[in-house]
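Below are two complexes that have chain A in common, paired first with chain B and then with chain C.
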Partner chain A sequence: MFTDEKWSSSKNWFIAAVFWIIIGMSMGLLTATKQIWPELLNNRWTTYGHVRSAHVMLVIYAWLSMAYVGSMFYMIPKLAKTKVYSEKLGNFALVFYNIVILEGFFALLFGQTEVIEYGEFPLWVDVQLLVAIGLVAYNLFKTVGRRQEKMLYVSLWYFLGSLLWLPLTWIVGNFPAQWIPSGVQQGLMGWFLGHNAIGLWMTTVGVGQIYYLLPKLTGRPLYSHQLSMIGFWAIATFYVWNGPHHLMNGPIPGWISKAGVIPSIVLLIPVWAVLANFWGTMKGSWSQTRTSVPLRFTVAGTIFYLFACLQGPLQALPSVSSVIKFTHWTVGHAHMGPFGAFSFTSFAAIYYILPKIVGREMFSKRAMEAHFWFSTVGFLVFAFSLWIAGVVQGFAWIDGIPFLQTVLMMEPYVQGRAIGGTMMYVAQFFLAWNMYKTIKLAKLEKKQQAQQQAATA
Partner chain B sequence: MERKPSAVLIVALILWTFGVAGTVILPLFDQEINSATASGELRNYPEDSAEARGREVYVQNGCQTCHTQFVRALPADTNQNLGPVSKGGDYKYDLPHLLGSNRTGPDLMWVGLKYNEDWQRQHLIDPQSTSPGTIMPSFDYLTNQELDDLVAYLMSLKPTEERLEEYKKEREEAKSMDHN
Partner chain C sequence: MKKEYQQHDSKEGDIVSGIKIEHNKVPKLLVAVFYVVAIWAIGYAIFMPGKLAVEPAAAPQDNKGELIFEGTCLSCHATGAAPDLRGVTDRMPEEDIKNVIKKGRNTMPAIGHLYTEKEIDKVYEYLEDYR
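Coming up: the complex of A and B.
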């Protein structure tokens, strides 16, 4: 099982990731449906709170994180002009990581939770997950250590940073609650994890992926190395301060609020630097998005990244926050980065890398097209339903309309979200089926080739 | 630095540490969140009291995914009559914290002020009977003991008399200002 076949870690992490996107998103779809039919699958295990937590944890730490690790097991050795330090360890870490995720999933369904969003697994699962992440980071650091290439490409900066930040951030966020002085203090630590799981893992690996993919897919060099440095260090400097804005206008002292809000707004700088670089690289290549689905996924990802990063600083303004906080808007925004921006770039990474490591093109171009359009249109329907809902809801509360009435007002939007969500979900079956076919055929072709060679020999 | 991964990692670590110092370590020394208010003391439940067990039930069933416990000095909250604005010290004994991030259902910071025990129990068993059209699922699968404990916890979520008086006075002053 723990093979050391070349590129097997990358391939196996991708396969597991796509398995989990189906499970994770079915939890999401169930969450959305429960807001229409509350009694659907309503029992001690799959009650709304459990399913919603499981959805968040699975799409972040199972789907997206595994896809990221799969990408890094290919991109890091390529950038370092060497091979993976240990494919065996990579495959072992994968099996271990999946067991831990499975434990966490069942723990949540059985009602064990730490309550911390993006860190809901109970402590006994957290510790194991930390070890699993540590194994991956060790393997990849070792790979970089053995590099044959003197230049440290910008994607490597992002990957190295992320692999350092994720385990550290995980420790702070999951610090045993009994050892912390108060509820609000724990809230701040929880949101440190909540925001930095996004800022210093999802964003930084995702941006690293884009920096790798754009030049490869367009055949053009990166627009500006200088600009990529500015982007990297600005993210490293400011993102880490963002946690407190989640408790803005609330029971935290004014100075903590400012310490969280100001860096949130300053984040416009790295976002601008990163995007100017992306789109500068794209110059003259835009027409290629018509034919190349991976490039189209990447570019759509950068556009959603722009939207997410315009929304972020805007929402960090206390006046805007006072309307949309706690509403459906937040849910819409929370999907923009993880799904719109970074799942899209991970899809692109899979479509780019998988053919290279199995030695055959993706089985179906039409399935890739369907995957793209269902994901994109579905997400737009989903997100716009939630944003509009959030603004309507926010102003209804301000107008003093009784709460129950505001819930009833949300019905059409909640239905719109479920329809968009269904499309997003269906899209992933095109990915899974295409991957399955590609890998199966690649194996078959290899076997036939070997037979032919044996016959002619 | 463009050739040294270790240098990148060290600077990345330092910048990360600054963020932790500012948003996690410094708040440890802030009295505003680290000393309990009188209303916060009410949430210091004795171990194995009905309220403490009820809080467990609340967490285990994920009530915090739909309900916040977080009142802000903003029109969205004051116009919904959520009760006194919450302070850091109100949560001194909240472990784990239940501040929440989404109001799929209403805020529960001071829900103990709003309904009686019978209503709470009925609402948990058959939400439609007390709140027609609500999207709260029924919690009829809870045992009687769990329901009793959960109701006890919900009923305990209220401010001290003084805090409530203060709040009412503020509200009246604000109203008379509006009329002028």
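Coming up: the complex of A and C.
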């Protein structure tokens, strides 16, 4: 039933990922549109609260996670100089994972939720998702176990670390919270999951992708072994403490608050180490970004990563947090990592890996260019609208301007966000169409080749 | 083949999985940043409260009317959703205004149960100067 074809897991995870980015982002666009026309699609299933959480969960756990798994099913065996432990198991895990995501999607639309950011699926979905993640991790660990290369390249550290950290984060964030008393404790548990889903899965796999892609795309050596050690161990040590900064100035003890602020700032160390390593590797190759779209996606991803990680530590400070908390700013920031940085590197991974799997170049270079520019310009319009809105909103609240008046002040910014968001959404159709054409043509070409060989033989 | 398993300290770099890794030194600027961040972290842990110090609201009672008016009434009366209240005390007698606040009128909800008699008096006093 499940194919054993070489690289089929990687390819199929990518296809599913791109399907879900379209669904997930249309949920996001609906959320944005509802802020302009609140009456739009206002029925039992698609109220604002349902659609918003469906958007968040789908883009993180359906699109981004599937794209990550897809690239790991290619990069890990390549780095281990072996083949995937079991392509069959990889394909089975994909089908299972997609069923679970569908269940979670409908559960959210139905109104079941745990009300934990990045952990909104109800418990019965959480359990199944954990099994699916476990299957993927098992398969990939087994692959590394059979490696022919003695040394582990830095990407492998990140991938293996992430495959351990995601299940741990998922367990700690989702399960005990069901039994401990509600209130501050649950809030802290929830943000343990909320922030570590970002830090020990989205960030670390994304950084691993960049470590793989940059030397491959530029043909340049990795800049510094030492920097990659500092970056990896610092993020592994400090990231896990970040949750409490989401409850800044809230009813949490001062020492927990500090235990959230300090690691947030200390994270400048791994982030700058990693980026110095990336840009050291890029030295002399910057001009290639003009012609190579995958490289341009990767480098733009690193730049957005820098900006996300300049905003993040600042936002963790009590004074800054007191202004921007609960405003539109946070929404802009929350999109920069998952979309600006790591969706971009995943796009690059797809554009780099897919041609190698199907044995033919991407069908249209112009579609790739359109994908890049719509994504980038759209995201900038989207994000700057929200950042300006957030600052205006935050200070208006401090000044005590009546709340409804501050809502009306947001009108132009919310519209700007929807316009930027539409561009981001449209961009993904170029990706999907391009992928579809490439895979279809590759199949056709293979068939013709086989026929020719049969004819000459 | 032998070169692939060279030790870390070699100058020209290792090759792992076909990717060459160099051993450039950590840039001095970064080392400085690392130290600054580390020292800041220790200082913050010892000396800072970890939260925003909130000053107790100055003179808590004397602007109660204004606070209620801005926090509640203006949510509708400043946005065009409800009539402008400037000079309303010239147009309506005191008793009527207080009754509207307590019992509501047309689309305005009754909010009398949210406030004490004294607080509603304060709101009325504020309305007298609101023009």
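Convention: the second predicted complex is superposed on the first by the 452 of 457 C-alpha atoms of A that agree within 3 Å, B and C clash if a C-alpha of one lies under 4 Å from a C-alpha of the other, contacts with A are read in each partner's own complex, and residues count from 1 in each chain.
Methods note: a residue touches a chain if its C-beta (ideal position, glycine included) is under 8 Å from a C-beta of that chain, and two chains touch if they have at least 3 such contacts.
Everything quoted here is computed from the prediction, not taken from an experiment.
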item: Touching partner for A:258 - first (chain B), second (chain C), both, neither; value: second
item: Partner chain(s) touched by A:269 [first = chain B, second = chain C, both, neither]; value: second
item: Which superposed partner A:117 touches (first chain B, second chain C, both, neither); value: first
item: Which superposed partner A:330 touches (first chain B, second chain C, both, neither); value: first
item: Touched partner set for A:39, first chain B, second chain C, both or neither; value: first
item: Contacts of A:249 with chain B and chain C, given as first, second, both or neither; value: both
item: First, second, both or neither for A:223, with chain B first and chain C second; value: second
item: Chain B and chain C footprints on chain A, overlapping residues; value: 150-152, 249, 322, 400, 403-404, 408
item: Of all residues in chain A, those that touch chain B in their complex; value: 34-36, 38-39, 42-44, 47-50, 52-53, 111-117, 141, 144-145, 150-152, 156-157, 160-161, 164-165, 168-169, 172, 177-178, 181-190, 192, 196, 200, 233, 236-237, 239-241, 243-244, 246-247, 249-253, 256, 259-260, 322-323, 325-327, 330-331, 394, 397-400, 403-404, 407-408
item: List of chain A residues in touch with chain C within their complex; value: 78-81, 149-154, 212, 215-216, 221-228, 230, 248-249, 254-255, 257-258, 261-262, 265-266, 268-269, 272-273, 276, 280, 318-319, 321-322, 400, 402-405, 408
item: Chain C to chain A touching residues, read off their complex; value: 4-5, 8, 13-14, 16-17, 19-27, 30, 33-34, 37-38, 40-41, 44-45, 48-52, 70-71, 74-76, 78-79, 81
item: Sites on chain B touched by chain A in the complex; value: 2-5, 8-9, 11-13, 15-16, 18-20, 22-24, 26-28, 30, 32-34, 59-66, 68, 70, 72-77, 79-81, 86-88, 90-106, 127, 131, 133-139, 141
